[in-house]
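Below is one structure; the comments refer to it alone.
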């Protein structure tokens, strides 16, 4: 699983007034890896995500993506580098169709200028056709092509999460941050998502995912990082983590499926 | 120096009534998150009501004032129940448009009933002003200041010392949590709008007696009320009070020393300048805006 | 059906003066047309990009004043004793300068909306319009204040080889408004149906989500504001050279309100919405004027606005589109704009 380091987090700390949300957070993700980030509720996982993707400024520490320092960059700039995240709630554009959602996600792909658009130059039309084709491809990949014309808000919860992943995929990520991709899903839906995750990894995209569903995380991850009270308490392979005393203690009991 | 003192005194009187306007709006705006375009119309309504009572019907001025406030509260409650309640959960701009529609209807109804000519309210105060050193202030204005201060204190007491006030504060902080605690949100909204409107009506009745009553008087009042809310922070009564006096002061001094034509622009300039540097208002607690 | 509708309207617009002889109605159509252009521009900012800008009349008025002053010339003394003298320029120059300067003020508002969010932004935009009005009212040396700028010259178009043509009569003006309106419609239409338009709609729906897929939200918001303001400014210029007299009342909040009503009742976020709303609220006064006093008219508009919002919350055009779509069982139409370049609704069941 060893490849080049793609995401490096060094001593990141986040403090809200007196509350320490994250401290001394240091770990890396390598190209082509799937790393699972777990921890009890309130451990700081979403805070970490927000720091990595530019939605939150860390109090200290550095985040680097393929060597580029991310601190101070805006979320859209970070996405522009190839680091794309999904959201747990409101993960899609509710009032647009499924197809339109993916088209929006394909924004990064386009290069048209204002004048191309206003003058309806041929290259604009070509670009639009290309983008529409790519959108159909992505929808086929996640299995939503039959729902293309429906409003995203009308989809079931599970389908919306899938669309959220499609949206992120459209942004041409080299690394994907998945925020609880299977939360609230039944086993068959979860399995679908995890198959998709494997497919995405096979295309060369590194993945960092936060999840509470233990069997799912253990099954799909190459490596696990465990957070508790804002700091890393353990790191290793799924097998190692499942036996780790600190982790077990943090979750209060062996064999617990959910935190 | 004498001029300055006079301006200061005028500003204080003006500020008191502005505070009523501002407190009313900051409550509505803060608790209900509604851009209340009818606030100025309640102000005008208060002025016309006291005109009706005191001038047209020849009843007691003070009685007219009380009627204006109560009628303002009732009208506010009616607006909330008829127009705002059904719109809960709709787009912000849709609600805004409903409020704009209501504003248009109210102002033109007033125009229809009373005509466009300005009306003066006869008050039971002596014409000769009270003179203290270099400053002269009419008895009417003394009364206006006193009444305004009384109402400000009453509003403060309501919010901080009654159960209703507590419920309102809870709804302001987190309406979901408040609902879970048993607060009847719908009722709170109606009460808030009623109280806010009543305060606006009071301001209108008081200032209408000092100046004149016209159908369009509410427009500037609305804008100034918004300026005050921005200065003082959403839902912040103390801030609104201070903001009101600040606005009145800037207006008075601006009109006196710079140019009276730009007097009303002062309020707007304040808004723009403040929001440029402090997008959450001068006294806002760390709250999420918008 | 979709292609037929615009062509039909194009025919109506360009043949109108041949079958409509009533000059008064033509006059109403012209002023309504100008307002529709302004309403379409507001729709771009309010409807598609979701910015609660209630100071739109400021751009319209700035366009009008700039165009008028460019063509009338002015002579003012600024702070520090600088004297600025401007000789009258042709009206066409005024038009383009108006668009530019209005666009610049749109830039300011766009940048501002990022610092100031939500309801506060509404207030800032209203204040902006009020301040412009008060400046127009009080800076008498430049704007003549309440005495108004008068004798604004009409447009003179120069055709190489054919000589100059001055637009004095209503028919010529109708075509000018028609052409400008068409250009505005096409510009806005192309913008919203493109990658740029998708970015604007995305930022309206969910800013964080839009950022997370790489959309520079500030950039597109400012772009929408600039284009919107520029078009409104152009409409203002048309207005100034048609009515030939403008005063600070042009900045009154009630005109923004009129535009907002046109956009929202017609259907924000739809291209035809402002046109439908504009026609209704442009002609309603004319019809109602016959039997009701001004105050009563406004009560009717206010009541009508509330009614439309309660009964047709999405606006007239989207509701109609949805109704037609459900009748023809076309799923892609029901989902709204179809951006599927070459694909039909074959993807859907």
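Before moving on, here are some points about what is shown:
By letter and in written order, the chains are A, B and C; residue numbering begins at 1 in each of them.
The rule we apply is simple: a contact is a pair of C-beta atoms (placed from the backbone, for glycine too) under 8 Å apart; a residue touches a chain by one contact, two chains touch by 3 or more.
All of these numbers come straight from a predicted model, not from anything done at the bench.
Taking the CA centroid of chain C as reference, the farthest chain centroid is that of A. The innermost chain, defined by the distance from its C-alpha mean to the mean of all protein C-alpha atoms, is C.
With each centre defined as the average position of its C-alpha atoms, the distance from chain A to chain C rounds to 41 Å. Distance between chain centres (mean CA atoms), chain A to chain B: 49 Å.
Note: centroid distance chain B to chain C, computed from Cα atoms, is 33 Å.
On chain C, the positions that touch chain A within their shared complex are 187, 190-191, 194-196, 198-199, 201-202, 205-206, 208-217, 223, 331-332, 334-343, 345, 347-349.
Residues of chain A that touch chain C in their complex: 53-55, 74-77, 79-80, 84-87, 90-97, 99-100, 103-105, 107-108, 110, 112, 114, 117-118, 120, 124-125, 127-129, 131-132, 136, 139, 145-151, 167-168, 170-171. Against chain C, in their complex, chain B makes its touches with residues 29, 33, 35, 83, 86, 90-94, 96-98, 100-105, 107-109, 111-112, 219, 223, 226-227, 230, 259, 261-262, 264-265, 267-269, 271-272, 275-276, 279, 281, 289-290. In the complex of the two chains, the chain C residues touching chain B come out as 46, 52, 54, 112, 115-124, 126-128, 130-131, 134-135, 137-138, 253, 257, 260-261, 264, 268, 293, 295-296, 298-299, 301-306, 309-310, 313.
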